[in-house]
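Below, each structure is written out as structure tokens.
In what comes next, chain A is part of two complexes: it sits with chain B in the first one and with chain C in the second one.
And now, the complex of A and B:
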């Protein structure tokens, strides 16, 4: 005979079994992040994110669809669309000005921040930088050009119509280049009058809007020398492509990959854990060697071929020049109007 | 034996007007089709970057497109969304057009302009406004939200084409059916609907294509792992500008063309062209 206790016990067990997935689901936190596409996105989706989810028993919703900042701006601050924002430094500063992201991420929140190079947590960075690329000059090795040693080499009259840069209002590499023109032809990165004058002298110049387009312009031979980040050239290492990268003697501009946490995040601890995870030496090595980015963590030991080219020592990172994006963003509208006028047509 | 008659050649005089007409038509066609031809050339060119002239012929980019789950998933999602939008647009747009044409509604002109307004508003603003509305309502960004958004911008096409048919509609046919004893429902399904079908379906074709190619509205409404093909292509282009983009464009064009052809088989393109 089935007792009342057995019926109740069986019923409770059945209910628990049926409810288990939803209870588990309710306990599984979701971390909402932004991340890049391309090779970076492939490594993140195949290796980094699954490992993070397993270790922290969570799910990660990784948005790869631009534009991140307008979507974050349009979402409520107390329930933001993202918990962790991954962008370049210029956009992080915009978000910080609007109170959408935090000021700094300290070792207290993410212990691996203690091991980063000074540039990754400098006063030019909000949040923390996890990687950087060096913006310098890419060039064709089959066009009889000597390896450029200075930013001024881009102005060589022989390169008329075969030099390349970016549409400044929409691309931070173009913005970096403009500031660099101020430094080499004027009094410093903020000497805009000198920069505008120098920009005028670079015409005719081919301009692209997406960062990834410049490497294709170099590969196809449409451009013989152009402003580009080192990873855009190094990623063709060993593929017999006639392109190379040069770090000008005046220094290279930093194109930092920055992570930051949104103040209204409901899973802030998990967000900090993710930032910390991205700064772990093994994660850094995997991504640095996968996409040729220079790691922010000083303790990362890269394989020889990467170590030789990337910024992995104090001496090498000393060549990095970090723009003051707060200063630039405050003048962006005027700069955009001026450069559009200069480069019109 | 008589001498053979001289052959009379029916030589037509040179018609300068006709020649100009044909030349202009040829130029117009070339202008419309040249971009597609260029995309095809890029899609078949094996170099890892988009370049001209091509160095050979290869299907590697088509292979990459169909072997990349991000592309194929996005393609199926776009097809699914566009299919739903087609059905919803036909139902909603057809009903609206009937109400506007037959309903003796007060402020008919205003209502027509109101239903057409999604076409006047920049689509990016429609997407942003819906994105904020969804978030404020706490519903997130579900697929049905994306379908509703696409339907919003697609319905005016159905309304416009259906109104065009209804404008020339001879209502005496409906009256004759009613006089012969048909109920209003039967009149609608057996007389009205078959006669306005070309307009409704023509609008449906537009609705499908508008949804399938929709980028600005989708930009804010797609979610991770739930992105439509145009959004995936845009993001892909920012990092990898290679022939896969051109291959995806060709697939997209061929699919849109297939839908038009299928609908032509179902309802007849001639009826559509009359519009």
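And now, the complex of A and C:
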């Protein structure tokens, strides 16, 4: 006969067994991060994040639903939605201005920061950059075009209606291109009058709001030459696509992938550990070769095919031009209105 | 006495709908409206203060783009609604009068089928058809009919085409129900009294279907003026609508307060148009208010 004590004892044991994973889970720290989707997201979810979770005995909650900054803005600063924010540099500067992210991440917090190229921790960066792409010109190789050598080649009259760039208010590559126009046709990256004049001369031009769309426009032949980052072209390497990337002689603009920690994070040590982990040479190599990003860590040794094309030496990274996003963001509303009027119609 | 003051069972049945309305419309709209009168987010920024500057920015429009964007939004909404009505009405009439159940089911499936695909996918499909290297322009150039691509995309035309494709089913489904309930014998009576097909339609069927026209038009208009993905992908540099500006303000300028003000302006202007439209149709049909 089953006694009441036996029933109660068995029930308690069963309840403890069932509750064990959630009790364990409650004791495990959770790191909340943002990260990209696509191929990058696949590598992160399949390899990088599970390895991090295993090593640091934590769980990582990764948000891939862009845009991240408005969500971070809406959360309390003392209990932010993210512990680590991964965005491009322009957005990090916005967050920094609002006190949503830290100023710098130093080797004291993440030892691998000591090994990054100067651009990755320069005064143009808040937080620390983990990768960069080079913004230059993508072009079709089957349209009889000679490989562009200058940004001015995009203004070739033959490319009327077949050149492409971005909707400047919503895309940082478009914003970089505008600043580059100021440098090429005026006194420098901040010569907006020269940039506006040059932009007017580029009409008719096809504008898109994200780089994936530019890739499709180049692949379909909808544009013959367009502003794009090297990764957006190199990722089709080996697929026999008639597209190539050119680095203009005036320099390429940097499209940095930046990590930063939120000051109100409750798991700051784990957040710094994640930043450090992302800067480890093996993590850097895996992601750099997976998505054709140039690594920030100087110690990374890429396979020859990647090493040849990506910015992996001091000489190559010297061609990178980093925009002053603090300056740009302060004028963004005026710039947005001006370029919208220029490009409309 | 106490029993009489209790809410009726029907009122309790309405409670979920009311709760849904409050939670997913009144509350978000209230927050948005409140944010539009603040300089920042008052929850996270203790220095945020009350201001009307976001509305002043829109009203005085020193940037010279906001009024244009509002006009563009309304114009696209109106054109999309009119074209959807012109395409949808005959189709709905045909469906409502169809005798064959199988035929009706097949046409209904054809009308609903596009709705089974996401808006982004349908818009990308239109891009492959209308872009410069798209199906239509490639064929026209290959056949020697035109020498350079026709401007079918990156403008209002392409935007309206894609929006009409997306919203015609809403118009058809709304109209079919209303037209189906109109007694066919009324039309037959008009014809037996000497009215031709057209006159019987114009003087009998059309006025009786005005509630459907109103409901379908309001639905399509509301969806069109709030569309974001399609104008963004199809419009190129030529189209700038208020939803696009709102998305820019939230997603890249990180200014939810101004975005809130733009949202309130869009809602108020839309409501004014809806009320005016309702009154005009009511007057035309001789009724006092159709909706």
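The working rule: the second predicted complex is superposed on the first by the 322 of 345 C-alpha atoms of A that agree within 3 Å, B and C clash if a C-alpha of one lies under 4 Å from a C-alpha of the other, contacts with A are read in each partner's own complex, and residues count from 1 in each chain.
One rule holds in what follows: a contact is a pair of C-beta atoms (placed from the backbone, for glycine too) under 8 Å apart; a residue touches a chain by one contact, two chains touch by 3 or more.
Not measured: the values here are computed from a predicted model.
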Overlay on chain A: chain C relative to chain B, clash or fit: clash
Taking the superposition on A as described, I'd like to know which of chain B and chain C A:50 touches: first, second, both or neither. neither
Does chain B (first) or chain C (second) touch A:242, or do both, or does neither? neither
Partner chain in contact with A:38 - chain B first, chain C second, else both or neither: first
Where does A:94 make contact in the superposed view: on chain B (first), on chain C (second), on both, or on neither? second
Partner chain(s) touched by A:111 [first = chain B, second = chain C, both, neither]: neither
Given the touch rule stated above, what does A:220 touch, chain B (first), chain C (second), both, or neither? both
Identify the partner contact of A:74: answer first if only chain B is touched, second if only chain C is, both if each is, neither if none is. both
Quick one: classify A:344 as touching chain B (first), chain C (second), both or neither. second
Steric overlap of chain C with chain B in the superposed model, located at which of 113-121, 149-157 or 239-247: 113-121
On chain A, the footprints of chain B and chain C overlap at residues 67, 70, 74-76, 213, 220-222
Provide the residue numbers of chain B that touch chain A in the complex, in ascending order. 47-51, 128, 131-132, 135-136, 219-220, 222-225, 227, 231-232, 234-242
In their complex, what parts of chain A are in touch with chain B? 36-41, 61-67, 70-71, 74-76, 79, 81, 210-213, 216, 219-222
Given the complex with chain C, which residues does chain A contribute to the contact? 67, 69-70, 73-77, 94, 98, 161-162, 167, 169-171, 205-207, 209, 213, 220-222, 332-334, 336-337, 340-341, 343-345
Partner chain A, residues of chain C touching it in the complex: 41, 43-44, 63-65, 68, 128, 131-133, 149, 154, 232-233, 236-238, 240, 247-248, 250-256
